[in-house]
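Below is one structure, written out as structure tokens; the observations come after it.
Chain naming follows the written order as A, B, C and D, and within any one chain the residues start at number 1.
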């Protein structure tokens, strides 16, 4: 079955827009029909890189076109909400760079608006569409890891200290969107505790730790850090059956699945010896699945098209974006309260109730 | 200058005792004069390994000897206090396997007793005497790292689930004693927050995260975990001038010092661009110091002897052991209070006041 | 001092030509004035990527232009000689993709022609202009490694089996040109021995080992391999003072300099014990110099311009290209003679005599 | 079925003897009944370490005992032959530290003597009994790698420069015995070429390269080096189906099996494009088998006992030792002949003919 191509415009020609433009312009599913930015020069530079796409400087003008099915928003986070709402009102499908919005309440409004109008709202959680993360999701869904016991994610590097957001809002959306993507049922922590430090006096946390107890008794933990000269991007996912290690900086062995673990048997009566709990260790093989080479954004573009055509939500739909937002907001509250555990903002659950 | 050898007995012939016995028996500073254990067979096995040392099964008998200067205690933690107190009362110097005691109050009593009697009380914080940790202490003391910004320590592995202690009390003493050793002035966090998880239903935390804000605005964080099939023992110490990475599982390059970092300059007037804070990055060389090969316990044995002879506290004296205990106790309180930040038990500061 | 830009055309729009075009087009030293290829479509694709550069399909036409100072040749190896000779005859400077020519005798003729006409002939030994290799050359020249004792280079990967050249001619030019670049005085082996294997029956060696004794008593050895699923690009350079390891696949620590080695003292009289030669080992620090991020081809383009302006040979001049060729030809002769050691083809030395 | 224990004496109490003594003394198959060395003090030190084993200083006396089934020889290589011959003449089974003898002809005589007398002669090729090498042998025998295409072994380190043997005789026996163990049919190269270098003027090769073409068209290559400050012990075994990498210094992933490779299809007619041979690449998963923790020498001791009881040759019998010797001798000849390819000394094949 072949489809007519869908028509999309990229709104925002700054850091991320050129990547979106390049991938939509080469996608078999999409025609890239415009680049929209208030700054015409910037828009034209992007347009030239992808082969003379028309440039528009007015969002009103762009959205008034009947020859447009969707827009991809790559503008600063605080503008996601008004642009998306205007596009949805104009009947356009929307994909938004992470984070979905600058607040849970704005994100909720966007999700409601899309639902009401029967339009697709998708979060561009790019990492989720990398071959490694797609494989992790697949392995967990197939039960290969068993029950999840813990997830430990480290994302540290010398990073630019942002003048407007702390390290949680800058880096943790990657980890949170990945957790939301791979955990069956999405990321639904029972609480959020955030510890931060600003040892250079930058005015906001440059080092951050996020602890997320999960309903199952498992725990997720995220370490984000702008001040580390060693770059680490590693996630360990421990399960009752196997444990997975994702080392994103090792292209020769990105994923390793260890067929090892601890089993806790029934406690036998009368045990007293200190080192003698009823535990068995499995020391099995390690396995590293081959991963295809495919750019994540091209998979994301295909998913957005498929979602529009089927009417089904994408795997990183607005509600996924909302769950990420609700943890980020809770992290800010925990931080303001000396790191105490706070409940996540009830974004998507209120919504579920509201339906 | 040559000394008469000091005379020591090892009390406890279980897991750690044989290591102490071997190192004291080959030390130029010490004569190992007895192995003491209630279980004569166990004591004799150790005695045979180090060449026919006398075996004693009664602590009273051991301590009544005039030909004994000191004892090394390697018994279960709950017995450290009574054995040490009895030995100090008998006028013997004491070195105690970590943790110093099973509670801060017991530890305090031991420290006071030793001080009152003019005896040396030392904690066997073995890791501190490894060539790597000695070098880290030296580099920090010399100002090579500048001001400390953050310390991140990971110690994870498939570990035995202990029936009596959680993962904090089992593994974190290593990290805490190292932090206490390398930080100028010792480990004095302003608060302690502990998050734990017991996803297998073992009855105690098998995964633990410890966050320790320091007075300087820096932050220390420790991840201990019994359930990880990948073994990681890594500590990153970020400073204003350089950053150090200690990878204890890489014998070919255990320490790396990165001459890199972030400098935060003065904010110039009128800055508006989002990615343009006044930051400079240094991308300098990496340097990996050569480390001598020396067993940590033999250095510890030499330090204990030097401390007794000089009357000066060792680098891991009773108060160091107390500072570790006070964090562990606070971690337990934090854990019981949903991970909220609690003050460390004021072990050694009360003591300082009491003098 | 500012210069008028020099004018260059790229001849050959296949695999390597686009890289040359991109770098010359963005160089402050150069104006890229034409892309020349018999296949107009291919040339236009390259021309478009670098911003509408004119396309020429006739070499005669290209070389007849007075507005051209130089050409960069990126055509198949067998055509390097006729194109370069024609360009030199037309008074143009020439840089040639490796290998310089398809035979030492053709290479010699090119070098002579350029010398006679006072034109610059340069080999595009791209690897030599990477920050890592530039640093290695600098360290050796400064005496940091002492006398070179051995060089061991491994370049293995799953590689395309070429229908026209064996693995020596495909991959070893990289290693040989690097050796020529970093060794003071260039690569001048006393003999060449080549061992190859074709276990799949591809019709030519897919695995190759090259042994090059040097005049100093040192030895260089190169392992090239198309059939290895693990990718290794590593060079170890052992010296009397220090040893350098270049791991090109480790971006976080590409160069390591080990301040370690073996010293052989004077043999004392009457030694008989087997393990007691008069040897001392140094176990010093390891040091990893920071490397700038700069694309090798842009440095090469700058060097070509500087060479033309100064009239001085570049660091990878025609004679360097010739030394590489002479080893490759000798390798083919050794291979045909069961791997026996043969003298390198006397390309550049005849030339030196001829002067 | 339980056996009476066999009775063994260790001859030679130098570097390797204590390891043999320790393993035979703790083996369920063996009683260690004596330590024999001309130097009584040295013998007693070893005897004490393994619990008061009797010491003998006369080989004649040792071999005259009826209560002795076998001896393990750990004396200098030049004495292997006379000691083994005397022991065989006395009706004792013999296991010999590598290399089997100091010449092929002596080795042959030993093999013949054992065969004539119906006694077991075994080479202590310890590496072959490590869990990693046992697994490699098993994988190759099961066809998991397909046909072997190449074997590349690197064994480099700062090593003691031996006053009596070069780096080939010192280190290559490890690689050669491993190749002999894992290759079906044993190591039978069609030729041997050896290149060495002595850049420090030590009087013998300190760096060595050994090339061994195999009958199948495959090639084996060994790099041994005393002068490298970086320690590498790595073997790559490339097969038509899979490729195996053994990194002996990575305890966390010693063996990796890559389900990747190159397939060379039939050349289709009329192909002209340079990069278009009929090749397919497989990029499959990587797999790292779990290896048991067991000391190699204890497995060797068990194999020696089993071989004596069954009358069947061990997996590292005298003929295996002889094949290793024949390559080492050929390497010396090649080295003396400028690295030309020479045939291996026909040790074991003459023997086969002689039967």
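In this section, a contact is a pair of C-beta atoms (placed from the backbone, for glycine too) under 8 Å apart; a residue touches a chain by one contact, two chains touch by 3 or more.
What you see is a predicted model, and the numbers here were worked out from it, not measured in a lab.
Chemist: So using the touch definition from the top, which pair is joined by more C-beta contacts, B-D or B-C?
Modeler: Between the chain pairs B-D and B-C, B-C carries more contacts.
Chemist: Could you pull out the chain whose C-alpha mean position is farthest off from that of chain D?
Modeler: Taking each chain's C-alpha mean as its centre, the farthest from chain D is A.
Chemist: Could you put a whole-Å number on the gap between the CA centroids of chain B and chain D?
Modeler: The separation of the two C-alpha centroids amounts to 44 Å.
Chemist: Averaging over Cα atoms per chain, report the distance between chain C and chain D in Å.
Modeler: Comparing mean C-alpha positions, chain D is 40 Å from chain C.
Chemist: Let me have the rounded angstrom distance from the C-alpha centre of chain B over to the C-alpha centre of chain C, please.
Modeler: 53
Chemist: Tell me, which residues of chain A touch at least two other chains?
Modeler: In chain A, 230, 260 touch at least two other chains.
Chemist: In their complex, what parts of chain D are in touch with chain A?
Modeler: 253, 259-260, 283-290
Chemist: What residues on chain B touch chain D, complex-wise?
Modeler: Touching chain D from chain B are residues 230-231, 249, 252.
Chemist: Provide the residue numbers of chain D that touch chain C in the complex, in ascending order.
Modeler: Interface residues on chain D, with respect to chain C: 76, 147-150, 152, 156, 158, 160-164, 191, 193, 195-202, 207, 209, 211, 213, 216-219, 221, 223, 225-230, 236, 238, 240, 243, 245, 256, 258, 260-262, 264, 271, 274-277, 279, 281, 338-341.
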